[in-house]
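Both complexes shown next keep chain A, but they swap its partner, so chain B is in the first and chain C is in the second.
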Partner chain A sequence: MIPGQSGFAPVANSRPLPLGEIRILPWEDFHANLLQAVSRGGRVAALFGMSPHGENQLFLVLADDTDNKLWLARTRLEGPSFPSLTPSCPQVHLFEREIAEQRGWAPQGHPWLKPVRFSFAFRSGPAAPEAAPTIGVTDFYRVEGDEIHEVAVGPVHAGVIEPGHFRFQCHGEEVLHLEISLGYQHRGVERALIGGPDKRSIHYMETLAGDSTAAHSTAYCQVMEALGRCKEPARSQVIRGIALELERIANHVGDLGALSGDVAFLPTASFCGRLRGDFLNMTALLCGNRFGRGLARPGGVRFDLSTELAEELLQRLDSVESDLASAVNLLWDTPSVMARFEGAGPLLKEDAAELGIVGPAARASGLLRDTRHDQPWGIYRFVHIPVSTGGPGDVFARAHVRWLEVQRSMAFVREQLRTLPGGPHRAECGSLAPESVCVSLVEGWRGEVCHVAVTDSEGHFLAYKVVDPSFHNWTGLALALRNQQISDFPLCNKSFNLSYCGHDL
Partner chain B sequence: MLKILLTRLRQGHRTLRFPDGPAPEMPDRFRGRPEIHAAKCPERCSECAEACPTGAIEIGAKARIDLGKCLFCSDCADACPEGAISYSRDYRLAVRARSDLIVEEGVAVRLEGELDRELKRLFGRSLKLRQVSAGGCNACESDVNVLNTVAWDIGRFGIQFVASPRHADGLLITGPVTRNMHLGLMKTYAAVPPPKIVIAVGGCAISGGPYIDHGETCGGAESVLPVDLYIPGCPPHPLTILDGLLRLLGRIKNGERPDAAP
Partner chain C sequence: MRAAEFAIHLLLLLAFPPILLGVINKTKAAFAGRVGAPLLQPYHDLLKLFRKGLVLSETTTWVFTLAPAAALLAVILAGMLLPAGPLDAPIRFTGDMILFVYLLGLARFLIATAALDTGSSFEGMGAAREVSFACLAEGAVLFAFLVLAKNSGALALSSMLRGVEEVEWGIAAAPLLLISAGLFIVVLAENCRVPFDDPNTHLELTMIHEVMVLDHGGPLLGLILYGAAIKLYILGALLVQVLIPFDNIGPGGAPVFVAGLLGLAVAIGVVESIMARLQLRHIPYLLTAATLFCAFGFLLVTR
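This part shows the complex of A and B:
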């Protein structure tokens, strides 16, 4: 996909690379090569700013999913601004806004340059939050006209849910445009990681997005192992895989129940609400915490999985399986559910590709995109889970893809529990290699979790970029709402179920 | 329709018997109330305090753990050369006073007390709560939400999460209270008619948790509002939250222990 002479440096998922091997390209080459790669199916996994030795640089991670490769590139910014890439490459739109907000480097010509999190965290040290703009105050896009009305929802909205602000431009019931403005959950994680790792780093990872603890902590551990020259034992790779799939199952099951509740079909809503807990409790058997906290640690996992525990987990899987299948299959057999699911909130394949949508949302739009398959790591290099794709990108497709994934993840967990490799579950992890880079991708239940660590000459984090799948996908939700009924918003929202704190960091 | 009814029959009755019956068993690796065995502490050792990611451990005459800051990660227990700290499976952690969150050897556990008579008369059989996430990572939120499922069925105690603060008797707050949510939280609190209570769920809401000293957060709900009930954990187990709410309403009496062995 990407010509070798482009000046981009190839690297595999979770492998270390000396920073010096990533050439600093002139802007023209950086720009042209990026556009060419994206036009051939390349995907921007991360784009962020950093300042090694006081020099302002843009750092790009480009995923080549057909070739299981990542391509890294850098360019130097000479002034306080750079020409925006967004008009010709929409999938960088939020990355550029983030760079503008964090660093103050303005992408000239960006069509939608607004705050991302209402924070100036990187501009002038820890005191910068004081100077941040007022949350929620921005020039919201407006549709004008006598019959147009605006609906503003949030940050505090009905239900036990995280805060965010949604602005709908409506003509009657029809949504012409939805703008999603976040930042309420901003806790300053990326700023605090600079200079690390330290004793708190792993806990930031475990609380980045609480329902994706296994995904983010695994991604972090892989960074630490790659840069710390540690070979992660096979046994811990499998245990991490089991935890990741249990996390996926629990969240998908919970969301299938919630989707059912959103169309007022209460049987599946109640059954799945309980069944989700059964999967969380399996994770708690592994590590004592229902969200997988305390399990993944640099070098492996903190808790071993004994034969008796594996046996107990297998029994529990058996006991919930038929309950789960009968509860979920009611959805597809009930016309009143299908009438609401089908056709609601469509996200076209072309739009999903152009926006760089990831995870089940991308697969439901027909994109064959799954980090476990495209950029495999750990156990997924040896055991392949079929990629579940769906049809037209509507609520039904997103629900159905999740159900396929639940079944395939359960089969995976079973297989792994029966064939646990021997050996230790944790190895020693050394100090981090100086002046190095590692990109770690993990397929969380919402999609690709991307962590990029760059170390300084002392082996401390010079930059630590976290890209939660929600960062890519919130715009997908906004697009899916176009020309839909506003009353379908909760349903569409739940079909994506994106993370607020994962976006806000 | 027939299929729905058959499925319903097969799923059976799944609501916990707690608190009238036994509490569900906690998994072996569950980390509940920590215990300190100070006699094992070597002279001038502070390994546990140094390992703690949130500064929850203070070493004075004796080691003390502040459950309001504790993430229940057990990094301290791992760091201790003598095994002086262990985490029990006791899920009962909620208290009414911030100072009761300090665990110290030889100091009796003081579980929370009931609301005063007037508040108990008002809320004892009907407590409507507005949940506000102010930087919560969605783990506390999820395990609060779980109480609405058929397995926990919190509605049977008259406790309900409502959409409008105007309908609420109090707030249940999660998250370290980010600066960006400060105004939203204060406005929601102001919209709750008095008398009202505030419940802080999770280490973040009590002290800021891992975000304790971040300029982007206010360091927990207590720094901005009066808190009536503290439920520690990262996140607290649903049973810990339910136990706390029921003790607050006098549905479980102090000292009472619905399950035999913690």
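This part shows the complex of A and C:
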């Protein structure tokens, strides 16, 4: 799909590549090739700035989902600013805002250049704020008119959820525009990782987004293994796969219950709330932690999965399966629930593609996009899970895709538990290769988790970029709300169920 | 005797309503496979609120502080106009049904004004929703009263509801069933139950009634919630008395009346357990249906 002679370097998911093999392209080539690749279906998985040897460089990770390849490219910035790519390639809009905020490099002509997380810049530059920015204070998009009213929600919400600010421009009950302002959870993880890895790194990874612990820790471990020239044992690949799918099932089940709760439909809400706990407890059987912390470590997993444990897990899966099916199918069989789900918060396929939406939200809009299928890693290279897609991209589609994925993940976990490969569950990891890069993609339950590590001449992290699926998808939520009822916002929001801390890092 | 009846009536009106909420919650819990909160939990909640301190926003005025108490008084006064099963209403006069409707309207006006007094966009949104849905529900209640008045030939609530029994249910069954259906929908709508509103939600953007009272806390919120419970009792009592002929039952009517209300609470709990909320813009359709039920009942008795 993407011509090799374009100067972009091909690499597979979770494979190391010497930094020198990625040519530094002149801006014109970088720009033209990126646009051409995106117009042919390429997807920007990450775009960030780094400064090896004091030289300002933009680093691009482009995912080619049809050819199952990743393309890496970089370019040198001559000055403290660069022409913005956003007008011709909307999916980089948030990446460019992030670059401006972190590096101070100004994307000239960006249509909506505002802070992303209201954080301090890594270094000074024309786009960097002079003083520490006040979080949430910015120019919000406004609709003018006598009958327009503005509703500001958050950052403190009525429920026990993460903080984020939502600004609605409404005409009566109809939402004309929604703007989402985040950053309240910013911890500075990416900056803290520079110069790593150290003992803390894995703990940062496990808490990047607490509900995606398995996904983020797996992605990190793969980076460490690739750059540390470590061959991960087959047994640990399977155990990580099981943990990842259990995480997916637990969160999807919880979401289906919460969606039901948001339309005040009690039976499914109550049952799914309990069943989610059952799945979390299965993860706890694996590693002692309900969220999968302490399981994945560079080189493998810390806890082996004994035959008795596998038997126990299989039994537990059998015992919850029928309860789960009847609770969830009740949703589709209840007309009053379907009346709420169908047609609410539609995200068009074209919009989803243009914004680079990932995960169940993209699949619900009809995009065939699943990292397990497109960029397989670990066990997924050998065992394939069908991609679950939906049609119209409304709340129903997002709910139904989750249900399909739950069923397929359960089948996968069963199969893997029955056919656990032998051998060790952990190998030794060496020190990291210097002057190298590794991109690791993992399909978390929310979508593609992307970790990019670039090492310096000593084998320390020169840059460590984390892209949580929420980073791509928040804009999708804002678009889905257009011309919808403001009273449907909680329902639409839950159908995406994005992470605040995963976005804010 | 008269004094004793009056005392029992007042006791029912003031002390009984919160248990209806307890019964609804127990029913919902049973459907969800939970044990649920104790039946008397609503009383504890109210007591807790009355023991709390008060936090007032700087933008509010005396309207905000006074409205909950005034609204509660209006609702209690409306309750005094309504007979309670075999017990006559303490206050009754010709045309009191108009006062009944407007006392409930006054209570709503006061709460909505207090909501607007905060100047918050949420509260304004809630007030707008509340009054636009209420004006659709009021029509249904008025048509139901017209049916009852026509049936009984009286214009006082006590006589109107007694009149139900004088005309044979057999003859007036169709209009009475129609207004019962209409009134049941009104009971759900006016008391912010599913499918109109979700009393459990914490999501300010979807609420109707609750979003109006977001800024009220402590004793003020207690007054509002207490008033809401009494309103549930009043509208429920109206429906129960349309359905059950208390004159034929005689002196044993009081337990039947209480049982009828508890049964209604269970019915509300069942409705909340088996269906989801309506989309906000579909609510007027259901309320219009309620008005049409009652209007059609009126058509039947006037022919």
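To be clear about the criterion, the second predicted complex is superposed on the first by the 496 of 505 C-alpha atoms of A that agree within 3 Å, B and C clash if a C-alpha of one lies under 4 Å from a C-alpha of the other, contacts with A are read in each partner's own complex, and residues count from 1 in each chain.
By definition in this document, a residue touches a chain if its C-beta (ideal position, glycine included) is under 8 Å from a C-beta of that chain, and two chains touch if they have at least 3 such contacts.
Model, not experiment: these values are computed from the prediction.
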Putting chain B and chain C onto chain A via the overlay, clash or fit?
fit
Which holds for A:F489: it touches chain B only (first), chain C only (second), both, or neither?
second
Just chain B (first), just chain C (second), both, or neither: which does A:R293 touch?
first
First (chain B), second (chain C), both or neither: which does A:P267 touch?
both
Under the stated touch criterion, which partner chain does A:C501 make contact with: chain B (first), chain C (second), both, or neither?
first
Given the touch rule stated above, what does A:E232 touch, chain B (first), chain C (second), both, or neither?
neither
Three-chain overlay: angle at chain A's Cα centre between chain B and chain C, nearest 10 degrees, stands at 60
Pick one for A:E443: touches chain B only (first), chain C only (second), both, or neither.
neither
Looking at chain A, does chain C or chain B touch more of its residues?
B
When the two structures are overlaid on chain A, which partner does A:D394 contact: first (chain B), second (chain C), both, or neither?
neither
Is A:A158 touching anything from chain B or chain C once the two structures are fitted on A? First, second, both or neither.
both
I'd like to know which partner A:D456 touches here: chain B for first, chain C for second, both or neither.
neither
Please state the minimum Cα-Cα separation between chain B and chain C in the superposed model, rounded to the nearest whole Å.
5
Quick check on the output: what are the common chain A residues between the chain B footprint and the chain C footprint?
158-159, 267, 270-271, 334
Contacting residues of chain C [partner chain A, same complex]:
28, 31-34, 121-122, 124-125, 194-195, 198, 200-206, 272-282
Give the list of chain B residues in touch with chain A in this complex.
3-4, 7-8, 10-11, 14, 27-31, 51-54, 71-75, 130-146, 148-151, 161, 163-165, 175-176, 178-181, 183-185, 188, 204, 209-211, 214-217, 234-235, 237
Hey, which residues of chain A end up touching chain B in the complex?
117-119, 121, 126-130, 132, 135, 155-156, 158-163, 183-188, 191-192, 199-200, 202-204, 207-211, 213, 254, 267, 270-271, 273-274, 276-277, 281, 284-291, 293-294, 303, 323, 326-327, 330, 333-334, 499-501, 504
Could you please specify the touching residues of chain A with respect to chain C in the complex?
149-153, 158-159, 173, 260, 262-267, 269-271, 334, 336-337, 339-340, 344, 485-491
